[in-house]
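Submitted below is the structure of interest, expressed as structure tokens.
The letters A, B, C, D, E and F name the chains in turn, as written, and every chain counts its residues from 1.
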Amino acid sequence: MRNIHFETDYIKNPAGSCLASFGDTRVICTATIESKVPPFLEGKGTGWLTAEYAMLPGSTGGGRKRRDGAKRDGRGVEISRLIGRSLRAAIDLASLGETSIVIDCDVLQADGGTRTAAISGGWVALYRALQKLAEIQGTSGPEAYLLGQVAAVSVGIVDGELICDLDYYHDSRAAVDMNVVMRDGSLVEVQGTGEKNVFEREALNRLLDSAEEGIARIREAQRRALGIS
Amino acid sequence: MRNIHFETDYIKNPAGSCLASFGDTRVICTATIESKVPPFLEGKGTGWLTAEYAMLPGSTGGGRKRRDGAKRDGRGVEISRLIGRSLRAAIDLASLGETSIVIDCDVLQADGGTRTAAISGGWVALYRALQKLAEIQGTSGPEAYLLGQVAAVSVGIVDGELICDLDYYHDSRAAVDMNVVMRDGSLVEVQGTGEKNVFEREALNRLLDSAEEGIARIREAQRRALGIS
Amino acid sequence: MRNIHFETDYIKNPAGSCLASFGDTRVICTATIESKVPPFLEGKGTGWLTAEYAMLPGSTGGGRKRRDGAKRDGRGVEISRLIGRSLRAAIDLASLGETSIVIDCDVLQADGGTRTAAISGGWVALYRALQKLAEIQGTSGPEAYLLGQVAAVSVGIVDGELICDLDYYHDSRAAVDMNVVMRDGSLVEVQGTGEKNVFEREALNRLLDSAEEGIARIREAQRRALGIS
Amino acid sequence: MRNIHFETDYIKNPAGSCLASFGDTRVICTATIESKVPPFLEGKGTGWLTAEYAMLPGSTGGGRKRRDGAKRDGRGVEISRLIGRSLRAAIDLASLGETSIVIDCDVLQADGGTRTAAISGGWVALYRALQKLAEIQGTSGPEAYLLGQVAAVSVGIVDGELICDLDYYHDSRAAVDMNVVMRDGSLVEVQGTGEKNVFEREALNRLLDSAEEGIARIREAQRRALGIS
Amino acid sequence: MRNIHFETDYIKNPAGSCLASFGDTRVICTATIESKVPPFLEGKGTGWLTAEYAMLPGSTGGGRKRRDGAKRDGRGVEISRLIGRSLRAAIDLASLGETSIVIDCDVLQADGGTRTAAISGGWVALYRALQKLAEIQGTSGPEAYLLGQVAAVSVGIVDGELICDLDYYHDSRAAVDMNVVMRDGSLVEVQGTGEKNVFEREALNRLLDSAEEGIARIREAQRRALGIS
Amino acid sequence: MRNIHFETDYIKNPAGSCLASFGDTRVICTATIESKVPPFLEGKGTGWLTAEYAMLPGSTGGGRKRRDGAKRDGRGVEISRLIGRSLRAAIDLASLGETSIVIDCDVLQADGGTRTAAISGGWVALYRALQKLAEIQGTSGPEAYLLGQVAAVSVGIVDGELICDLDYYHDSRAAVDMNVVMRDGSLVEVQGTGEKNVFEREALNRLLDSAEEGIARIREAQRRALGIS
């Protein structure tokens, strides 16, 4: 696994923020609190969490990435939705009241695993924002809202070898790769995506074993950054 | 499992087409051949396959669905990408030459499992289009391009019970649900999505067992519709 | 004239629906009831009807039709407006109260005459929706809202011969063609469009005679489908 | 009929231009020559003509009109297409070679009949542009391209009385109204639009008689402005 | 300096309007009153002024200018913002109450200096609209809202010579050019834009001297048009 | 003045990059080389430089900033254009050949002066990219393309006192403020923007004096970061 690091409060304005580094991959995650909910939830007394993922134009190799305009980048939309689902699994939406939390994940530098860095860093930013929300709402702390600790990792098989937390070099050579999101010891989302290859149940199981180990280490880094035991 | 049926050549203009019915869910799948490739593949001698998924405005319960305009529906983007990846796994892109195949999946009526009906029906439409392409290119038949038979199913656990091919009623009550795409006996894509719940490895395994059985039956229906053994 | 057929309740979710077939042309028409009106009518106690027309990507010959994005297809906008005007002529908007009806017409397969199939099928879907609205509002039936029966047909002169209900082959060869919309025995909209040719008053009159006959037959098919005398 | 006036060369930069006044309605029409054709005509040796219609934000009563952005105004799209079809009937596209003419019609002040002023003024601007094109291409003059003189008028029945060239006051009170486009003595486009009312064949005929007279007067004003007999 | 002229009430529908001519440059300026403010000002009891600038497609030399669609023209956005800031400096926003004024500046013919013609003409249209607002609100007159008279001019150095109010010929040859906006005798906005060249403090001072003189003459033309001393 | 710092090569993928810090304001500037030019320059043998400025959603106080979609943020468009003009003044476009340089400036944290930090940091990123371009093209170094060193600063008068490099607190209280861009000792762009106030020539001169001093210090920081004397 690459060196994993979370730097909290990297940006001062939002309720929570974090710079997540997975090797050379660096993602700024911010969590903003808004005192309103989307139309479909108005008047229901429950909250919402949504996420947006984007890459800075200079973040990626192989040429500048265009900014989204009228035509949104499909990959970015798909990843935004994955981050949103993953972090909604971290909290009890009803406990928020009619409050929304927006998680923004902006990739400064991309070297593989940006979506798993975004989910893991997003949870750290979310935790900081819940600390602030607890102050505002006078609750006991982030635990008043949290269902668990969410982290994610990518795993793959490259040249027959199991790799946890793939960088771009490995990712582009992987026969199979999978993104795994866990809340504490349980699975939140498993995405094994084929595209170039198919895989067997046995490989799936080995990849999940590896992901569980990797996530345990990411969880430690998250807790260390937040100063919680 | 619900009643599964594929009606080939439902629409006469495209190279291939199929009406896929999974119970009350009905999806029109068409496959169009275009003699060009996206810019990133120009001059490389290889082909491409892309997919678009959309719901007709009246297809869904709970009110009319707005059509996409400048703002694209995120869920539709995500599903379009899933269908594209799944069906790209069905063919050897290099064998196409600089030819693209566009799979359009339009939901006439939605009652759960539209994405898996779209992938399974999309494969049938693709097969028909490859028959036409074989005639045009003078190759031996669809086998000149195909890597295997792709089908997909959704599985979930509802009130503690394993259900294969969930309708809307079950889908909205499922504690866990997963979409599984297979090519012949191997996995192409596994998407277990949590949102409301987390799940354990043991549940994942039971769901995969059930999906394998369900996909076997869908494969039979695909072959029957195409008149292949 | 081609074989004309309307299949009611083709889609189960909307208040009214119908599959309109004019020869090989097939259009799904749905009517959705919404309990709100556009801003310009708010608080005026009257209702509204609007329509949207679109072609499925695989519906047409000569290559795949792109879906609308930020740039809307001008032809589709023009036809949507024609359908809306034609069906607003069918009902007394004030009788609806602050209720909107949205008519969606999606072309599955195009072989000429899609706009007239959409208007004629749209009226059938509208009728079904008004039956449902009558139940909801406790009125006497569709007659509480209807001003008459609306149907439309295209007519043209091809190689000097008068043709009613043009398919694509005739449409592309017509020296003159005209779309005629009638409510019962009166004209709602007459659109004779030149583009490639001009025409004389005498031709206009012969075309209108032919359209009146054709519409009489479409009206019968509409009533048969709805089981009304 | 209102006072009709065309002022040629109102704008100096385009190949042709004209300020069309129908009473208080004033529309700037410009014709620009472009030495390329749309993709669907490339390499076919024939030309094209297209039109765009828009209203200045301050042109209309009842509040400022928003400018088009990502969402285009449906009425404007419909009128743009009508102007394009009408003026394409004025010229032999093949005679242009691979040249496009773009007609822009911008409404400075709206008081009814903007689309018929735009078509009639558009023809004047087109004529001026064809004079310039004839110089460029070394042809005999506009006649080398023209199939005839195109003009348009709106007619309606207001309080039982026939009115030719309706202003806003009449237009909003008309039981029936119709836009008629003619090339010399023949019909190019007839659009009787119902919306609020239906009409009979007899009314249609009276309206067409009135339109023929009105168009004769508009044709005189066009020729006077261009200094042709 | 070129001939400067303002024709008030050029368009009858908006509260205020003016045709501003700076030589061959002609800009229609309209001022519309709206009884609402943007969301960020709601409930604050103060008003707002915003501006939009656009060029008609045929206004400019060197080919037809495309209309804005989903992608807005950056230059137009920048100029719209400049006009808005300049004219907000002309009025005491708090005095308006929750009323907005929208200034639309549409360039009919462009020959250099369109933005300064738009600001100067926009002030004339604004003055007329404030006369109407004073009637509506029963205040003493435009003075109840106005902080001063705003006018603008472009100045540049062409072949070593100072030119005030540059036409296109001069503008395209200027080594330095600057737009200056003044309210009465004070500066509102100074924009010296380099792009092709840099300039020294001494040139800046000479350009400002020239601009002050030019603006004095524009102010006279504004007052003459409005009939105020 | 606040603490000014430029960290070069902050992002590894683009040809040049820099993190510019002006106090708490932090902007990532990247420079990407593209071997093509915009259509209006094709075949002319000269190059181009363009810039895009955006704020990360969490960068700003007072709530989350929405990302651009179909509707672009006007302020961002205006600033992008200012950065582009300023940095085009730094280079001899003809010397680039048919090469474009794209400068992206993304604000991580906003505390006033983001546009001047973007210009100054953009020049540093540009310098690094020109070093790379010199290697690719085999020229003598950045000097083969550079016309000078570009830097920018904001200056204002707050409570009667001259402040150079305004933070948000000062910016929001300034009676007058001005952005000044210089290339070496000459002016590139001077933007004194009024909005809330007007100002006199004397203030303009004091502000320019202060800006010249501030820019001298920024120039030192730029050179220190690049290790040039």
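One rule holds in what follows: a residue touches a chain if its C-beta (ideal position, glycine included) is under 8 Å from a C-beta of that chain, and two chains touch if they have at least 3 such contacts.
None of the values given here were measured: they were computed from a predicted structure.
Asker: Name, by label, each chain that touches both members of the pair chain A and chain F.
Answerer: Common neighbours, chain A/chain F: B, E.
Asker: Tell me, please, which of B-F, A-C or A-F gives a repeat of the D-E interface, judged by over half of the contact pairs matching in residue number.
Answerer: A-F
Asker: Where the centres are mean C-alpha positions, what is the separation of chain E from chain F, in Å?
Answerer: It comes to 27 Å between the two C-alpha centres.
Asker: How many Å are there between the centre of chain C and the centre of chain E, using C-alpha atoms for each centre?
Answerer: Roughly 49 Å, centre to centre.
Asker: Pull out every residue in chain B that's touching 2 or more other chains.
Answerer: Residue numbers touching two or more other chains: 69-72.
Asker: So how do the chains connect up here, line, ring, star, complete, or something else (other)?
Answerer: Other.
Asker: Mind listing each pair of touching chains for me?
Answerer: A-B, A-C, A-E, A-F, B-C, B-D, B-F, C-D, C-E, D-E, D-F, E-F
Asker: Mind listing the chain C positions that touch chain A in their complex?
Answerer: 69-70
Asker: Over in the complex, which chain B residues touch chain F? Could you list them?
Answerer: On the chain B side, the touching residues are 70-71.
Asker: Chain C touches which residues of chain D in the complex?
Answerer: Result: residues 70-72, 74-75, 77-78, 80-81, 85-86, 88-89, 148, 178, 181-184, 186-201, 204, 208 of chain D touch chain C.
Asker: What part of chain B is in contact with chain C in the complex they form?
Answerer: Residue positions touching the partner: 11-14, 17, 24, 28, 30, 32, 34, 52, 54, 56-61, 63-64, 67-70, 72, 102, 104, 106, 108-110.
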